[in-house]
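Take a look at the structure below.
Should a chain be cited, it is by its letter among A, B and C, assigned in written order, with residues numbered from 1 in that chain.
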């Protein structure tokens, strides 16, 4: 069995944001004994990843780390006409990934205690982002 | 329902290459209302990722970025007997990933307007690469 | 059809470790003609990835590379109270990923000849790690 829904997130500012609750609000998995949840982002300058859901400084450090190791205005970038934040956003998107897949067990996402789903918004003004959530069970 | 096919790509030169059309030419998803497509590469020195399908300079900048942040001949590499491009190829493969999973909706890959599937060919002469494509619906 | 199992790995020391056989020992896929295997790690300071299963120096070079490009004690880290190895572990976890998905074909994992599943243990003392393995076919 497969169910699928597409929806848009409100615009987030540049950085990393916890969106687990937003995603689960769109699906009903309470009666699924075993399955998988796939979340896909339909953009090349934002990303999805799983990381710590508690201390918000982890999300700040993600932004600092990826800004340093995927720099803006690198002298070798040829794709620069969409702004300084554009090419790094593409690189961050592929480094972190466009989708996450998470087990569903006994009616709940089977995440570890400290895991949550992050949106990586890599543009200065990325606007609203579209997600496709697919549940198979 | 699951369908699966394995095939080989023609050899690509080192760099990033758009292979969306090549992949969809091997599958028939026109009658699938909702499902998922999984593409897997059976190699440890090449990768699959999703990024911008329009301006080819994005693919050039991917190559430049990963060459700089996954250097050849790093003094601390111990695995060096397969050539300067070998150990970086392994590291790029894991940084970018060996597979992509994409939603299928109303008979089409539900990619964003600007998204395509990239092959990352990380060896100087990687030769033909084998892919396994699995569709579940 | 979906089957799912959760189990714990023995503690591994910091670094990269080949766990393909450990994973396949927990599942029975011999009668599956076509399917997918999903492995998920329930932690934010360890990772799963696919890479070379032969020469152990590849795993050593992975550790050296990610220690250099995801440094400890970076001056801009704000999340530092869990130890020098903690924030880099979160970043490595998201760079490499929390799950792998691998095709099953004719009763076997359809990996390339040289591919194996790596556990990335990014903490100095990460302890036992929980995995959820889901097979769908």
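Note that a residue touches a chain if its C-beta (ideal position, glycine included) is under 8 Å from a C-beta of that chain, and two chains touch if they have at least 3 such contacts.
Given the structure is predicted, the values throughout are model-derived calculations rather than measurements.
K.L.:
So if I look at the partners of subunit A and the partners of subunit B, which chains show up in both lists?
P.N.:
C
K.L.:
Through what angle, between 0 and 180°, must subunit A be rotated so its C-alpha atoms fit those of subunit C, rounded to a multiple of 5?
P.N.:
Rotation angle, to the nearest 5: 120 degrees.
K.L.:
Could you work out how far the Cα centre of subunit B sits from that of subunit C, in whole Å?
P.N.:
20
K.L.:
Which positions in subunit B are in touch with at least two other chains?
P.N.:
In subunit B, the residues touching two or more other chains are 69, 95, 97, 101, 136.
K.L.:
Considering only the defined contacts, which subunit A positions touch subunit C in the complex?
P.N.:
Listed in rising order, the residues of subunit A that touch subunit C are 34-36, 49-52, 55, 57-58, 60-62, 64-65, 68-69, 95-97, 100-103, 105, 110-115, 118, 136-137.
K.L.:
Using the touch definition from the top, list the residues of subunit A that touch subunit B in their complex.
P.N.:
Of all residues in subunit A, those touching subunit B are 2-4, 6, 38, 40-44, 69-70, 74, 76-79, 87, 90-91, 93-95, 97-99, 101, 130, 132, 134, 136.
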